[in-house]
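Below, each structure is written out as C-alpha cells.
The following pair of complexes shares a single chain, subunit A, combined with subunit B in the former and subunit C in the latter.
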Partner chain A sequence: MTRALTGVLVIARRDLAAYLNSAWGWVMVAAVLFVNGLMFNAYALGDRPRYSHEVLELFFYFSSGTTMIAAVLITMRLIAEERQTGTDVLLEGAPLPDGAIVAGKYLSAMAFLSGLILMSVYMPALIFVNGKIGVSHILAGYAGLFALGSAVVAIGTFGSSLARSQVVAAVLGGALVVALLICWLLARVTSPPFAGVLEYMSLFDRHFRPFMEGRIQTDGLVYYATITLLMLYATTRVISWRRWR
Partner chain B sequence: MAIVNVRNLVRYYGGLRALDEVGFSVDKGEIVGVLGLNGAGKTTCLRILAGLLTPTAGKVDIGGRDVLDDPIGVRSLVGFLPEEPPLYREMTVDAYLRHTGRLKGMTRAEVEARLPEACERTGLDDVTRRRIIGELSHGYRKRVGIAQAILHNPPLVILDEPISGLDPAQIVEMRKTIGALRREHSVMVSSHILTEISQTCDRILVFHEGRLIAEGTEEALAGKAGRCLELTVRGSSERVDAVLAGHDAVTEHSSFISDEGFVTVSVRLSEDVGELDGSPEQADDGREGLIAALVAAGLGIRRVVESDGELESVFLGITGAKSASVPESEEGESLGEPKEALPRRETDVREAN
Partner chain C sequence: MSAAAILYLLGMGLLFLGERLLGADPAARGVFAVLALAGLAASVALRVRMLRASSGSAAGDVASSGRPGDAEGQGPGRILALVMTLAGIGSLAGYAFTLPGMVSFLGLEGEAAGRWVVVLSALWPIVWLCAGLSLLLIDWVQMQMPVVTQPRRVVQAASTGLCLALAISLAFPVNFLASRHSRGFDLRGIRTTAAGEATRAMVEALSEPLEVYLFFPPANDVRREIDPYFEDLGRASELLRVVHADQAAALDLAEKLRVSSNGTVVLARGDETERINLGTDLDGARRNLRKFDELFQRRFLELTRAARKVYFTVGHEEMHWSGIDDETRARRISGAKRVLEQLNFEVAELGVAEGLGRELPGDAAAVVVAGPREQLLPEAVAALEQYAEDGGRILLLLEPGEEEHEHLAGLLGVRFHSDLVLNDRHFLRRSRTNADRSLIVTDRFSSHPSVSTLSRHSSRLALILDGTGWLETEGGEELRVSATVRSMPRSWADVLANYDFDAESEERKTWDLGAAVEREVEGGTFRGAVLANASAISDLYLGNQANVQWFVDTMRWLTDDESLSGLVESEEDVRIQHTRDQDVAWFYGTIFGVPLIVLVGGLFYVQRRRRRSATC
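Coming up: the complex of A and B.
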C-alpha cells in the first residue's frame, strides 16, 4: 500500500514537472487566463449595470467552459504521449498496480488544473472588493469548478488511454464531454424515465448551476465524484486490458 | 539454480498464436541469447517475462514468483530494456534514473546508494549524468536504458535488441557492458544479429514461428543443424542439381555458376547418415558418398570445403528444417514496428526429397 502510494506521488510529481517545464503548459495557462479576463471584461461586466452576484455567476459560467476545455487539453497527453514515445513500458513494467499509474496521472493533471483555476481568483476578488458578494458564494463557485474539472480530467484521462495520438485522445475526451453536456437537451425531447436519467447525467446544466449561484449541493458533488471514479476505473481497465489483448 | 522457469507458454493475439508451447529456463548469472527472425515470438516472450503482457496459457515463474499470481512481485525482479529505450528526453540522466528508481519501489536512500554503481557499470560518467537525455547520442541513450533496468538490482535483466542502431564502436562497448552484468544478474538478450548473440551469450534459444525450436550453445546448435559443405564442380548445374536432389544424405542445397564457369554448390548433410554404417570413426558421414555420386555422374570435383557451423548457417539450417514441419498458419507476433528481415545467405535453397 505504501509502495503504491509512493508510486502515485512519483508519477504525479514527474508529470506535473513535465507540465511546468513545457512551453505548452504555460501557453495554455496564458491562453486560459487571457480568455477568462476577456470574458470577464466583455461578458460579465458587460455594457450595462449588474448586481455583483450576477457578475460572479457569469464569471463562474464562462469559467466552467474554459475549465472543461483546459482539462481536455491538459489530459490529452497523459497516457497517449507515454504510448507514443514508448515510455509506457516504464510505467506498466513498474511494480505498481495499474490503479496507481492512473491515480498518479490524474493527480498531476488535477494539480495543474487546480493551479490554473486558482489563478483566476483575482476576478472574484475584484467583485468582492468593489461589490457586495459573500465569500461563501466564491467558495461554492470554486468548489463547483474543482468538481467539474475533476470529472473532465478523469474523462480526458480515459480518452488519453484509448489513443496513441494526443489529437485523437483530445477528440475522444472532448466528444465524451460534449455528449454529457448535451444530455439536458436530449432530456427535453425524451420521455420518462429516460428523460430523468439523461437530465441527471447532464454535466453542466443540472449539476453546475447551483454552484454558480453559490449553493453547494451534495447531489452535484456525488455526481462529479461518480463520474471521476467511473472514468478512472475505466482507464485502469484499459491499461489492464492491454496486458491481455 | 534457475531464476526463470517457463513451461508450456502460449500467447495469442486475437486468433494469432504468437507463442506455442514454449518452455525453457535461465540459470543465475547466465547470459541467454534469444534468436529468431522478425515475428518469431521473441519480443512477445520477453514482454511476458517483463510483466508487460499476460500469457494466454502456461506457467512463467521468475525468482519463485508466478507472473499470473504475483505480477507486481515479478515486475520488481525484472529490469527491462525494450528496443527503443523508454526515456523522458526532457530530463537529465540523473533525474531520470532517480525517477525510475523511485518508480520501482526504491527509497531515496537506496536510489542514491545504487545510482553511482549503475552509472559506472553502464559507462555513464559524471558529465553525462548531468546532461539532458534528448541531447545524448543513440549509444548513450541505450546505456541510460540499461542503467534504469539494473538500478534496482533485479535478478533478471532483459535486453530487447540492445545493439540495434549502434555503430561498431558502440557495439563493442555494449558487448562489454552486457558481459559485465553477469556478475549480479541473469541476462536475456534478444537480437537478430547473429554474430552478436554468438559473441555475447552462453546459451541460445532459437524461436521460429512462435515456437522454441532449438536451445543450447552455439556448438550444440551447429550439431543440430547438420554439416555443411561447399563444393566447386565442373559440369552443368542441371546435372549437379539432379544428383544432389536425388541423394539421401543431402537435406538442402543451393548452387550458382561462378565467374570461372564452375558450379559452386552449398550442401547441408543429414546428421543421421554417419550413424548408419560401422563405427563412428570409419563411417561415411555423407561426404564420401556424395562426392562419389557426383563423380559417377561425370562431374569433376575441383574443390571441397567443410564450412564451420557459423551461427547464421546454423540458424538457417535449424529454421529451414523446422519450417517444413510447422503449420504456416501459426504466425509469429504481431507486436512492434516492421523491421528489416534477416538476410538469407542463399536465395536458391531447395528442399531435397
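Coming up: the complex of A and C.
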C-alpha cells in the first residue's frame, strides 16, 4: 500500500515536472489566460451595462470551455506520449499496480490544470472594482471548474490510454467530451425515460450551470466524481490489458 | 470491427431511432423496427456462419495436417461472441415486455404492472450493456489476432467488458439517488430570487392552506432559479404546499387551473387562483425574477386579503401620480401609487366632491395628505378630525413652504416648522453648492413598528430627504406621539435661510423629522404618521430602498399590518459599464498583461532549468 502510494507520488511528480519544464506547458497556460481574458472583455463585460453576477456567470461560462479544451490538451500526452517515445515499456514493467500508474498520471494533470484554473482568479477579482459580487459565488464557480476539469482530465487520460499518437489521443478525448456535452441536445429529441437519462448525462448543461450561478448542487458533484472514477477505472483496465500482453 | 459487429450496432442504432426519436409516427417506427431486426438477424447469421466455418475448417485442417487450422483458434471467441450477440438481442425482449401492450397481454395491472415495468426497465439495459461491451471487446481481440486468439485473451476481453458495463450500471443508481436526495447550497452573495422578510412573515401568518403550483418542464433553468425561493417559503409554514407540475404531462391539473403553457406559477386558495407568468426561457424571465419577491407578495395579498382603499386628498396643490403641475419628478407620486397597488390597496382621489368637506368615505383604510402647498379648507380639516375620531388612519407629508398647516399638524399632535434642516456632512451632492446641504440623508430611526425594518437595517439603509422641515412633538394625555425619524447629529435648522450654519442664531443637534401618533377612540384606535418632507415618496427618491421601505412599513402600520413589515428582496446588484479610458487599461491588462507575465516567467524558468541541467 505504502509502495503504491509512493509510486503514485513519484509518477505524479515526474509528470508534473514534465509539464513545468517544457515551454509547451507555459505556452498553453498563457494561451488559455489570453483566451479567457479576451472572452471576459469582449463578451462578459461586453459593450452594454451588465449586472456583476451576470459578468461573473459569463466568466465561468467561457472558463468552462477553455478548461475543457486545456484538460484535453494536457492529458493527450499522458500515456500516448509514453507509447510514442517507447518509454511505456518502463512504465509497464514498473513494480506498481495499474491503478497507481493511472492515479499518478491523473494527479499530475489535475495539479497542472488546477494551477492553470487558479491563475485566472484575477478576472473575477476585477469585478470587485466596479461591481458587487459575493466571494462565495466565486468559490462556487471555481468548485465547478475543478469538478468539471477533473471529469475532463479523466476522460482525456482514458483517450490517451487508447491511442498511440498524441493527436489521436486528443481527438478521442475531445470526441468523448463533445459526446457528453451534446447529450442535452439528444435529450430534447428523445422521449422519456431516455430523455431524462441523457439530460442528466450532459457534462455542462445540467451540472455546471448551478456552479456558474453560485449554487453548489450535491448531485453535480456526485456526477463529476462518477465520470472521473469511471474513466479512471476504464483507463486502468486498458493499462492492465496492455501490460498483460 | 467485423461485419457482424457493425450489423449489430447498426441494428441497435436503428431500433433506438425508431423507438425513441420517431416513436410518434407508427409507420416510420415500424419500418425502422423491421430494418433493425433484419440487421440484428443478419449479425446473428454471420456469427453462426463464422462459428461453423471455424468448426469445419478445424476438422479439415486436423485431418490434413494434424494441427489446428487458422480458424479453429478463433473458436472459443466466436462462441462467446455469438452468446453475447444473443444476450444483447435477448435484452431487447426485456424492453418489449415493458411496453404497455405487452404488460396488458401478460394480464398485469395496477401496482403489479408498475413493479414489473420498473424491474424490467432497470434490468434490460444492464444486460444489454454487459452483452454489448463484452461483444465489442471480444470482436476487437479477434480482429487484432485473426489467426489464433488465445482463450485467456478472449476471457479477459469478456471480463473487461462485463466489469466496465457493471461499473457503468452502478453509476446510474448512484446518480439516481444523488439526484433524488440532492442538496443545494446557494452561495450567491446577491440573490435574484430570495424570499424577503415581509413575504416570510405573510406566509407564517397563513391561517388556511395555500397551494403553489409551479408549471415547468423538468430540468428547466427558470424552475431551478425559483425552487430555492419556495423551499425557503415552505419552511416558513406547513400550510404552504408547493407542487411541481409539467403542463404537458399534467393536462388535467393545468386545465383545472387554466394554465395554457409552462413557465407559470399559480397560487391557489380554494377555488381562487392568482398566477405569475415567468416563461421557460431564463433570459426572458430574468426581468421578472429580479422582482419575483415583489410579484409573489402582490399575488399573495390579492389572494389572501380583500382590497382596501387608500384616499389621497386633492384640491390643495398636493402631489399627484399624474403629475398635474408637471413640475419635476419631485412632485409626482406615481411610484407610490404603484407600491400601494402592489400591497393590494386601491388608490383613489379624495376631493370636496368625494366628501372631504363633509364626511370621509366609510371604506377609507387610510387617507394620505401628500405635500399640500395650500392650506386645507377648515371644512376639510374638520372632516379629517371627525375621521380621526372615528378611528381613521392618516398619513401627513408636509413640505416646507409658506404654509405651516397648524391645524392639520395639530391633529397629529405635532407642530411643523418650515425651516430647512441642513447637514454639512451627511448630504448628497447635486449642484455642488451649499444648497446641496438641504439634500440630507439619515439612518436614525426609532424602534417604532412603522420604521422597525429601517431600524434593523440602518447600517445599509438611509432615507433621502430633499428639503425637509422639522417637527416639534406635542402629544397629550390621550395622544401618544413617538418620533420615528430623526436627522443625523450636528444638523441645524436653517433659520437664516442661507444654507450656512450661524452659531449665534442656529443650533446643531438631532431634529425630529417624522412621528407616529396613536390615540384610543370610541370603538377603536386612531393612528397617524407624519413626515416633515413630502418628496421622500416622490418618483425622484422612491427609487431609494430606504424611502420605499419607510412608505411601505408606515402604510402597513397605519392599516394594522405591521406584522408583515420587513424587507422586500430585490436585486441589489449593480450594473457594470466601463468608460473608454477604463476599457483600454482593462483590455490590455487582462488580455495581454497577465498572460505575457506568465509566459515570460515560465520560459525563463524553463531556460534556467535547462542551463542548470547542462551544467550538471
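Everything that follows uses one rule, which is that the second predicted complex is superposed on the first by the 242 of 245 C-alpha atoms of A that agree within 3 Å, B and C clash if a C-alpha of one lies under 4 Å from a C-alpha of the other, contacts with A are read in each partner's own complex, and residues count from 1 in each chain.
Rule of thumb we're sticking to: contacts are C-beta pairs under 8 Å (C-beta built on N, C-alpha and C of every residue); 3 or more make two chains touch, one makes a residue touch a chain.
This structure is a prediction, so every number in the text was calculated from the model and none was measured.
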Touching partner for A:213 - first (subunit B), second (subunit C), both, neither: second
Partner chain(s) touched by A:230 [first = subunit B, second = subunit C, both, neither]: second
First (subunit B), second (subunit C), both or neither touched by A:87: first
First, second, both or neither for A:132, with subunit B first and subunit C second: second
Subunit B versus subunit C as contact partner of A:21, first or second or both or neither: both
Touched partner set for A:200, first subunit B, second subunit C, both or neither: second
First (subunit B), second (subunit C), both or neither touched by A:38: second
Subunit B versus subunit C, judged by how many residues of subunit A each one touches: C
Subunit B and subunit C contact sites that coincide on subunit A, given as residue numbers: 21-22, 244
Partner subunit A, residues of subunit C touching it in the complex: 20-21, 23, 121, 156, 160, 163-164, 167-168, 171-172, 174-175, 178-179, 181-190, 192, 218-219, 221, 224-225, 228, 571-578, 583, 586-587, 590-592, 594-596, 598-599, 601-603, 605-606, 609-610
Residue numbers on subunit A that touch subunit C, as the complex places them: 20-23, 25-27, 29-31, 33-34, 37-38, 40-41, 45, 48-53, 55, 119, 122-123, 126-127, 130-137, 139-140, 189-191, 193-194, 196-197, 199-200, 206, 209-210, 213-219, 222-223, 226, 230, 233-234, 237, 241, 244
Contact footprint of subunit A on subunit B as seen in their complex: 13, 50-54, 72-73, 75-76, 78, 80, 82, 84-90, 99-100, 102-105, 148
Contact set on subunit A toward subunit B in their complex: 3, 6-7, 10-11, 14, 18, 21-22, 85-97, 243-245
